[in-house]
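What follows is chain A paired twice: with chain B in the first complex and chain C in the second.
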Partner chain A sequence: MQAKSAGRKKRNLQYRKWVPIILMGLPGLIYLIINNYVPLYGLIIAFKNYNYSLGITGSEWCGFKNFEYLFKNDAAWIITRNTLAYNIAFIILKIILGIAVAIFLNEVRSKRSKKFYQTVILLPYLMSMVVVSYLAYAFLGDRTGLINSLLNALGKPSITFYMSKQYWPFILTFVYLWRQVGYGSILFLATLVGIDDTYYEAAELDGASKWKQIHYVTLPLLKPTTIMVATMSVGNIFRSDFGLFYQIPRNQGLLYNVTDTIDTYVFRALLQDGNIGLSSAAAFYQSIVCFVTIIIFNYVIRKSSSEDALF
Partner chain B sequence: MKKKWIAVLLALGMTTGLLAGCGDSATDKTDAGNQTEDGDSAGNTETPKDDAAGSGDNGNADSGEVYHMVMEIVNFGFDDPDIKMVQDKVNERTIPEIGVEVEFLTVPIGEMGTKLGLMISGGEQMDLVCTGLTTYPAKLAAEGSLMPITEYVENSEILSKATEGVIEACKYKGEIYAVPGVTAAGIETAFYYDKELAEQYNIKLPDKLETAEDWDALFSQIKDSGMDAYGISLGDGCKAEATSTGYAFDCLGDKSFFSYGVIMNDDTTDTIVNLYSSDLYMEKCKMHRDWYEKGYCVPDSISNGYTTTDSLKQGMVFGILNNHGSGMNEGNLNRTTGKTLGVIPTSDIIIQSANVTAMSYGISATCENPEKAIKFLELLYSDTDFINLMNFGIEGVHYTTTEGSNVIGYPEGVDPSTCGYGNFLGIPCDNMNIYVREPLTDEFTETVSKFAFGNAKASKYLGYTFDTTNVSTEISAVTAIINKYAPALECGIVDPEEMIPQFTAELEAAGMDKIIEENQKQLNDWLATQN
Partner chain C sequence: MRGHKKFLALSHAFLIFGSILCIAPFWLLVTASLSEESYAVKNGYSFIPKKWSLSAYQFLLQKWQIFGRGYLITIAVTVIGVLLCLVITMMLAYMLSRPKLPCGKLFNFIIIFTMLFNGGIVSTYIMYSQVFHIKNTLWALIIPNLLTNAFFIIMVKNYFNSNIPEELVEAARIDGTSEFGIFIKIVMPLSKPIIATLALLVGVNYWNDWQNAMYYIDDQKLYSIQSILNAINESSQYLMQGSGGGASLPTETARMAAAVIGALPIIIAYPFFQEYFVRGITAGAVKG
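Right, the complex of A and B next:
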């Protein structure tokens, strides 16, 4: 009896301890549920022949018909290939360059110049893709572009960038990295700042050069962050940066083979149709594939180094 | 222990979330229920009263409560500053006369295709909606956004008279879903040119531009004259602007991509063909290729981000191609480009379903009081003062009249760019008797009837709509291919001999034949019911 009441008291005590934390977490949780879980119900639109006046529940079921158009022709293969290949390249390059930039920034000693470089390198990220598209056009335009003006001045013929697809994988990768690297390096920089100086002091005492310090101290300590960033990016491997792929090539038909991704293809199909069922189907397909990739990637990480796995 | 608490916490969070979710949807449902119920009951009680009012032949009999009606006004993305002022002026008339308090809801043209559906599913009020421009009545009717209004239109003497003949184009599965926005719906394609440039450089202009030689004769003059402008801009690859094929065929509904197949005008049978594999298309693409190679057209028009109208405004080109009719004419383009334009027709005047519905208005499926909306439309199709008020604003503020003329000018100190009203894309109305803006002349109002039903040649297929349900997958796929090839071909950037075979092969693989077959079957059924 006594033991029981003591136990209850103890539990009560613990309960009290948790109350403030529960209250603190509640708004976030409620937001998460309303914003992320309740709308999941809308996924059924992907399997419906949506009719505005009948609403979601009233519309007819149509099975997998909405998914058919994605796999109707070569387009499915081309857009899936583009989405995947660009994203793999982006993830790898973004991580490598992000780490490099973070290390460089960390080595800048003067506080003022460190702030300056950080801001400058972050600036492109804050620019709208539409603005970036005009910046790119100022360089690549046929008649007025900077590159073609230079070529003409040197007596060489112009390059019609917006009609030649061979240049676009490089242009898109460059623009993406120019825009994202600054932002991508922030997380790494935060980890670097948190690394204890004593490691480096010890390394210096042992006579390690700067390069060796980076190789044997910095990089291993960055590993968990890198894996986390990679896992998060891999989770979005089937989603493309819409602004990048739609605005920068200026929606040119001749470039679709190398610039079209799932998002731009679906966007254009819907621009014409306005069919909510089709867009939900595409989003559903993307989500499922993303979910599967993240589970597989996490599984692989857990097998190789379990303490770094996300879940 | 810790884990358990986290679990409890999560469970707690989830249940509250669920409750919140349930609460939300529950209230939503009852709201919606109430709304529709209200709508029904209002409709039911209103009907006999309105009928009485209708038979009384006078709106004044409407002593019932005032209905607040929302009307969609499509514009280019910036709202007229004086729109409220005109709205108040409109309400001064409509509240006592027909018991309608109208609210103008401006929608940018880029959003109009999706806005209606979102508003309906979001439970927002919208009554009179634009069913033309980037969309069309049959599509909106198929997705359930519109209300059938056959009864109202047929019972309304004003509306059925004003839309005689052309109303066929607004039908979907036998029901009327919209009223044509312009009563003189005939249209031709035309070359609009800058008159000042033509005079300055002594350009000899032909009466009609039809053959490749006609065009070449004009453009070579421009090139040799030393003018600092190209002959023409073929646009940004947006079909409607780039095509110079004119109205040599009936597009059977898809006016922007021609993905349903087309019927050539000179064809005596009713055979639907693929435009992109036709001789006509090859010929036109070759002509444009010729212009591109000779430097007659803006070479980077496809990627420079300027529409054809923009290029004309900036003086980059001598002229552009566009539609010409009672709704879209040099009056509109003068206003947007700030130039004085001349017009050379490049096709015959013809009435097709696609032109009739281009400015049409319908009543949204959620409208609670369609009778009142119809009454508002009746005013727009019968009362000249009201039509002018809606189209041009308030006399003395937005326009001035001259005695004995239908031509209006701007008041002193006001020009197209500072005028507080008029930057929108058409209001549905009987446009045969309304004012016209300078520099259009009275001559224009006298000749506008040549665009009207009965005077202009009407397409044999007026009123036929293609039900795309069975081939919607193919249409999406085919449109994607058209997007890929057509803009570059029509701007003359690529060699048609090389590109068109590749293009048509991909179209066939995507199911173009299946679409045409289905369309042909439906058309034959429709033709059988017509005789």
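Right, the complex of A and C next:
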């Protein structure tokens, strides 16, 4: 009897030790639960005829009506296509250019110039999308933009960029890469710096050219980092960079066909049209496809290398 | 060896080209803001304007109250946000970093899951505006962004795991130091690099935020510098309010000047914190 109660006391003591530690973690956990978990309940708005005065619980159910409305016109297809197509292009180009920049940076031996390049290439990442939209406007504006003033100087007519949708896939991709490549290269560079010089020395002894060294030594050693970067991006393939797609085309209706993504659509339905039902249906649709992607993706990763699986 | 020299030259060429590509837009923004309005409207901006003028900045100087207030709001939000985030993140990461933490897997999952799935902006918006009533308060610019990136928590946790010797914590415990005392007296002083990195990443986040203001702020008195830029973007009339109108106002160049004023502090401060920034990105990439 006595031994048993002593054991319980000991266990109690052990748990008591954790109380202050868990108390320290509590503010963060409570915040995450409120900010990230409570809104999950709000996903049911997608199936309701939301009414501000009645609230989420009080509003009437309306089945799939919001979804019918969303999928009835082309909008659902267009925003899905845009979100996916841009993200796929972004992921591939960002990785290729990020690796290129990292390899070139790693080649530069002088510490000063290396730091200079890195500082400059990273600068765009620190600018808010609002500022970036001003920068883009300085180039693309109808009357004042640099491109049009150059075109006019050459005797060519101006291009009204903010009304011509054919240019926007390139503009948006360019702006995205302009802002992200420097940031993306850091991870690759960190891996490259860690590569043992003896690999290259051995390759050199074998008479391998620089290109061959990159092909057979550098790129294979970058594979794990590349997979990690790709993994993180693919999980978010149905989420778009709202700032990019909202700020850079300056929310021009004529361009929606090629600039509208799920996130900008949700935003406009919510704040500009005040259509909560439609907005939450689109948001719900996004959450579900995201979730399914991650589950499938995690399954694939666990099959190939269980260590890298997320859960 | 000749191949190497060629490759080195190629590297420099590529990086110089990239650097120009990164800087040129800023250069154009500055020269655009310094060009003469009527000339710019007629001939467009250029990298070296033929007619210079300070009238855009003179015009903005008259509006110093708007920008002064905007900067005050931005600075207040950034400072409060960073401090709150630091305290909450460090404590939560410390808890997660403790070996043999009860329910450790569950806690970890709670954090990782937030990166994968969320309720979306609609329900978040309704919750914050209808339940917590943060609309048109300074909190609207602080609270929704507090722990936006669960990666930061994992980054700090990893730092603790590899940089705080468990023996030190154990020794302090035997000496009778409370758990919170250990955190303050031992863990914090050993964590200066990660504190700097985290403060930086979170600070830039707050400084650059304009989205929360779009959702939660209607009151122009609460506009941060980025929200002011956003408002000018949405309507060029924003700056012209109360200036009587007239064609002589530098509408176009003043917009560019406003963007310069908005971007300048980060551009000036950036070279000083560049190293911490790079370190932060590298550290944050380690999986939890």
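What to note about this one:
Quick note on the criterion: the second predicted complex is superposed on the first by the 211 of 311 C-alpha atoms of A that agree within 3 Å, B and C clash if a C-alpha of one lies under 4 Å from a C-alpha of the other, contacts with A are read in each partner's own complex, and residues count from 1 in each chain.
Here is the rule we go by: a contact is a pair of C-beta atoms (placed from the backbone, for glycine too) under 8 Å apart; a residue touches a chain by one contact, two chains touch by 3 or more.
Just so we're clear, the structure is a prediction, and the values are computed from it rather than from any experiment.
Applying the stated contact rule after C-alpha superposition, one finds that A:18 touches each of chain B and chain C.
When both complexes are overlaid on chain A, the residue A:143 reaches chain B and chain C alike. Measured by the number of chain A residues touched, the leading partner among chain B and chain C is C.
In the superposition on chain A, A:29 makes contact with both chain B and chain C. Judged by the touch definition given at the top, the superposed model places A:155 against neither chain B nor chain C. In the superposed model, A:121 makes contact with chain C only, not with chain B.
Shared-chain residue A:55: touches chain B and chain C both. Looking at the shared chain after the overlay, A:194 reaches neither chain B nor chain C. Of the two partner chains placed by superposition, A:207 touches none, neither chain B nor chain C.
Looking at chain A, you'll find residues 18, 22, 25, 29, 33-34, 37-38, 52, 55, 134, 137, 141, 143, 250-251, 271, 276 touch chain B in one structure and chain C in the other.
Interface residues of chain B, counted against chain A in their complex, comprise 1, 5, 9-10, 12-14, 16-18, 20-21, 24, 113-114, 116-117, 120-121, 135, 139, 143-145, 237, 256-257, 299-300, 302-305, 365-366, 472-477, 479-481, 483-488, 493-494, 506, 509-511. Interface residues of chain A, counted against chain C in their complex, comprise 15, 17-18, 20-22, 24-25, 27-29, 31-43, 45, 52, 55-56, 100-101, 103-105, 107-109, 113, 115-124, 126-131, 133-139, 141, 143-146, 148-150, 152, 178, 181-183, 186-187, 190, 209-210, 228, 235, 242-243, 247, 250-251, 266-267, 270-271, 276, 279-280, 283-284, 286-287, 290-291, 294, 308, 310-311. Residues of chain C that touch chain A in their complex: 3-4, 6-8, 10-12, 14-15, 18-19, 21-23, 25-26, 28-29, 32, 40-41, 43-47, 87-89, 91-92, 94-96, 98, 101-102, 107, 109-114, 116-127, 130, 143-144, 146-147, 150, 153, 178-180, 183, 204, 207-211, 214-215, 226, 229-230, 233-234, 252, 255-256, 259, 262-263, 266-267, 270-271, 274, 277-278, 281-282, 285, 287. Chain A meets chain B in the complex at residues 14, 18, 22, 25-26, 29-30, 33-34, 37-38, 50-55, 65, 68-69, 72-75, 134, 137, 141-143, 160, 162-163, 250-254, 256, 265, 268-269, 271-276, 278.
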